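Below are two complexes that have chain A in common, paired first with chain B and then with chain C.
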Partner chain A sequence: MSLDTRLQSVFREVFDDNSLTLSGDFSPATHADWDSVRHVELLIAMEEEFGIKFTTEEAASPASAAQFKTWLRAKGVTD
Partner chain B sequence: MFDVTALAETDLAEAGRFLRAVFGEVENYPPFQPDALRWKAFDSHPFAVAPRSFGVWHEQRLIGHGTLAPLRFLTPAGEVTAHCVIDWAADPNTRGSGVAIYQALAKRTAMQIGIGGSDDTRAMLPRMRMRVHQTIGVYERRDRVLAHHLSTRQDWKTPARIARDVWRNLQRPGLVETRDLTARRITTFSEEAAVPMPSPDGGVCSERTPAFLDFALRCPAARMEGYVFEAQGAPAGYCVLSRVGTSCRIADLWVEPARDPARWSQATVLAVRLAMTDGATASILAAGSTAFLRGVLESQGFRLQSDEPLFVRGSGVEAGSEIHFGFLDYDAYYLPGG
Partner chain C sequence: MLPDLDQLRELPAEELAVNVGRWEGPWTRQSAEYLSRLADALEEDRVRPLAASLEPETSLAAVWLRALLLEKLREFDEAAGVWRRLWWTTDGETRGAMMLASARCLLSAGRTQDAWYPLREAAKDGGSAKLLRQVDRLLRRAAKEGPLQAKRRCRLAIVSSFTNDLLAPVLRALSFGAGLDLEVYLAPFNQIVQQMQQPDPALVTFAPDAVLFAMDWRWLGFADEEADARGAVAERARQIEELWTTCRQRFNSQVLQCNFEVPPDAGYGLLSAALGSGRGRLLRTLNLELWAAAERSPGVAIVDVEQVSAEFGRREWSDAALWNVSKQYPAPGALPALGQEITAVLRAVYGLSAKCAALDLDGTLWGGVIGEDGVQGIQLGGTPAGEAFVAFQRYLLSLSKSGVLLAVCSKNNDADARQPFREHPEMVLKESDIALFCANWQPKEENLRAIAAGLNIGLDAVVFLDDNPAERARVRQNLPEVEVVELPTEPSLYAPAVAQRRLFDKLSLTAEDRERTASIQQNLERQNLAGSAGSLDEYLAGLEIRVELFPFDDLNLARIVQLINKTNQFNVTTRRFTETEVRALMAQGCYTQAMRTSDRLGDSGLTGVMIAIPEGDTLRLDTWLMSCRVLGRRIDEAMFAALVEFARRAEFRRVRCEFIATPKNEVVQDLFEKLGCTPEEPGFFEWPSARPAAMPSVLHCVDRTQSGALLSER
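Here is the complex of A and B:
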């Protein structure tokens, strides 16, 4: 499964929306229901799915789907 | 992810700065002064070791904060460890640090509770798997009406409010006699012999011990007073009063027989009289967490000011069971206002 597909599947689970299509600009600014609770749920779900750990620096930074992809690649997650 | 760590005493200045900034409080706000923060986090508490304050740091600054106020519930099935998160704050520019603290603290006891809170908090807690178990009624008696209104913000409606409150006071029933119940001021509950403490009596109640009450008496953010009630020369219960500005709170009260409305009315009236011995006290606040307590307070002239939701997460207390708890279980006994 590609990184994009796995990332989308995490977002679908956390946002409880099976029709969600992930684009790079998907962010709290474009989706009001990406609040603090969702943000932490996303971080936890991604740590579990990809077997990685986010730093406080990353967790506290402004996030978007594209940013998550960049962090995952930097942590060695590949397609 | 967010690294939630216990605060050290040397972190309290930063904690005070952060809390004042998030809550928009003034420099000398008593609950965020170093002595109050130190008491909450480091003072000896019978239900939890220190430190009890936690934070998330980013670039040497706090971006999230929460303090664990330890509790225990006594249920028919046994004791349940719990805590209430107080001084919960997150940097508005960082998403999720406050949620991370709540979730990290949730692992420390069987149950986690939240009481009242801002509109944002009330909207957020159900999203963190917390459910409203019941409400706690915050009741008030305004015995010195003019002093009360002079101590709060005044506007063109103030004269009408004063007239309304005077009229209400004239309408309310007289207080019951307290002849067979007396109160004795004490400095510490730990040195008193056999003072009756709350028992579940088939329901659920928040546990009190002399050491728990002594922790509350050491609160630096309010003027605290402890009393033992006596009937026929023997201890019959106790009350804890906290004074903040012109408001006095019946922070905690217990008397036996536990289900006797007449005895509880007497104890409540005694607490009211003790509260009013201070000439600066204008109003008295009390908590009604059960139908029994609400009935007692209403029968003695207290008016319901607000109903605060009790959010719970975890297991140990059955849904639908009424919990007897009060101001000492969170921070309502020393926060300004009311």
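Here is the complex of A and C:
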């Protein structure tokens, strides 16, 4: 399954919204319910889904869907 | 290996259906997850033709996918029907996911009442934090329609030195699986002492029934080496005990205290514990101090983080990066383990632990079939495979010693079934360890009903242990209230499988717990005696019954609270109280009466409880219950006579008795009429204090309840 689809299904699960469509600018700035707890939930869900580990620096940086994609690709997750 | 999802979903509907229909091999969490993804990824216009092409008979995968697609088509009733057919037979790691999907469809179909069973079953799956989080979401959805179906409600405040936002949903789900409707309040992060001395108004308004103090080892601030080791431990122990005291004074709530993990990777290495002043040694010493302090502090229980983190694996227990990012502790993967530990304590506090393990024999207590293989032929001890069964029997014997009743529920001839107990040298369990022996050819659900009735316990207090999946499915279907533990195919793993479900935990061990099996057996003998004696009083006189009535005291409180929380049948109001609540009633000056009885055949111990609350010139009987083991001996008349005598001495005008009918307390529905009370408004009965109630002369009764503050006050 493509990275986009997998990423979207992680977001759908964490935000508990089956109709959520993921765009690159999806971020805490565009989504008020992306708070610090959601952020940790996203990190955990992605680590589980892709079998990777975010560094402390990544985990603590401001993120967006596009940013996550960049990190995931850098960790060897392919489309 | 699962086929690539993107390729699979491009296939024409019929081809895809055939493909899924051919799936074989192990049915795992991953395969279930994969199908959910597939259903999720399919374009809308492809869903209906695919659902129509899937043949349910072809494979389990086809059944799952069809149900998922029906849900996507919003045909919730039909989807729920597909899941429903899998309820009893689905075992193993996909049971939770199946129950979750089933509950989701039922809730979407507006059938909240039907959703409780699958929700509860899903909530028992401690294997995945994600699944538990989803259960919690459904619970919150169900809560919008009305109160959750639960045996008890608990408002739990978590006061903590780490982040608990991720623990809360996991804990709520697991508690629901144990019969609790848990509401959680998270106090602001790392304000432990502050919250007790000057609590947030929100915490005060929340009015917790229980407070969980969850601190991690860092909070203690122990250096690698402490100059004054003894002083450092004593100071922290004192501070924690002070938290408990303040908490109990301020909120009058049960206290749960997490103890401390000894973290891995200490810079001091071996020295950390080898040095009397090292941190590793201090943490271990402090944990011992806390156990001792909890034992002498009423209403305080320890959550054994030291043990559960070791069982889980200390290195996996923490996530160093997430600690630095958000003070997340323990690691996300460890949340279900911590949640189960806390739930086990709550289960014990609220008296929801199981009382009886009903055991199959062939394949469960020994290998082979006794009716076919004979005593010499069964596997038990001697060989490695035989040792596994011996180990399981040892575990069951420990359960029995801790007050859990063991019953046999076996399809066998009675004589065959008893033979190993009597003759096999490697049998750990003896007939005297079995409270009730049911070996016959009746369906197991009937024997389980007989066991529950014979032991005077509810079916929901029975745990069924059987190696045969078909019997387990049948019991689930016919008696969904019975807890069915899935025994693995490997007998060496039976004991861990049962232990990990945490169904039998207790916080204290009373004398009655220790003697329970013997006491039940004596009772069966009494019933035989009753058959042979003439009149009831003649029979009772022959038993030489002694009854002692006395006010509640510290020594007996654990047993009193246990009875209050588990007695269902002879219980006039079925009000449940925690130890803390009972202490509050005692402090208010209520009339309290505990009853202990013994006879020629043995000591039944503390088996009766009464609480009456003064209301003006009236003494209202709020709680009255007796263990069913001692019914039919006119002890109820003695307890009531003592109550009336007290009301007269304390110059109350009347005793007002309350009755609340439940599905289980039929045995007391005419109790107050039989005692001679006058019916008042519905649910209430009256006895004027001036009129004495007769003490049955056939009992030898000592009444020590005619004293106390209430009497001198009035």
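Remarks
We take it that the second predicted complex is superposed on the first by the 79 of 79 C-alpha atoms of A that agree within 3 Å, B and C clash if a C-alpha of one lies under 4 Å from a C-alpha of the other, contacts with A are read in each partner's own complex, and residues count from 1 in each chain.
To be clear about the criterion, a residue touches a chain if its C-beta (ideal position, glycine included) is under 8 Å from a C-beta of that chain, and two chains touch if they have at least 3 such contacts.
Everything quoted here is computed from the prediction, not taken from an experiment.
Contacts of A:28 after superposition: chain B is touched, whereas chain C is not reached.
Touch criterion not met for A:70: it reaches neither chain B nor chain C. Looking at the superposition, the partner that touches the larger set of chain A residues, chain B or chain C, turns out to be C. When the two complexes are overlaid on their common chain A, residue A:53 makes contact with chain B and with chain C alike.
Of the two partner chains placed by superposition, chain B and chain C are both touched by A:44. After overlaying the two complexes on the shared chain, residue contacts for A:16 are found with chain C alone; chain B is out of touch. Legend: residue contacts after superposition of the two complexes on their common chain; A:2 is shown touching chain C, with no touch to chain B. Overlap of the chain B and chain C interfaces on chain A: residues 36-37, 39-40, 43-44, 53-56, 59-60. The touching residues of chain C, counted against chain A in their complex, run 4-6, 37, 40-41, 130, 137, 163, 165-166, 320-322, 324-326, 328, 332. Residues of chain A touching chain C in their complex: 1-2, 5, 9, 12-13, 16, 18, 36-37, 39-41, 43-45, 48, 53-56, 59-60.
Residue ranges on chain B touching chain A, taken from their complex, read 1-3, 56-58, 63, 90, 94-100, 103, 124, 127-128.
Residue ranges on chain A touching chain B, taken from their complex, read 28, 35-37, 39-40, 43-44, 47, 53-57, 59-60, 62-63.
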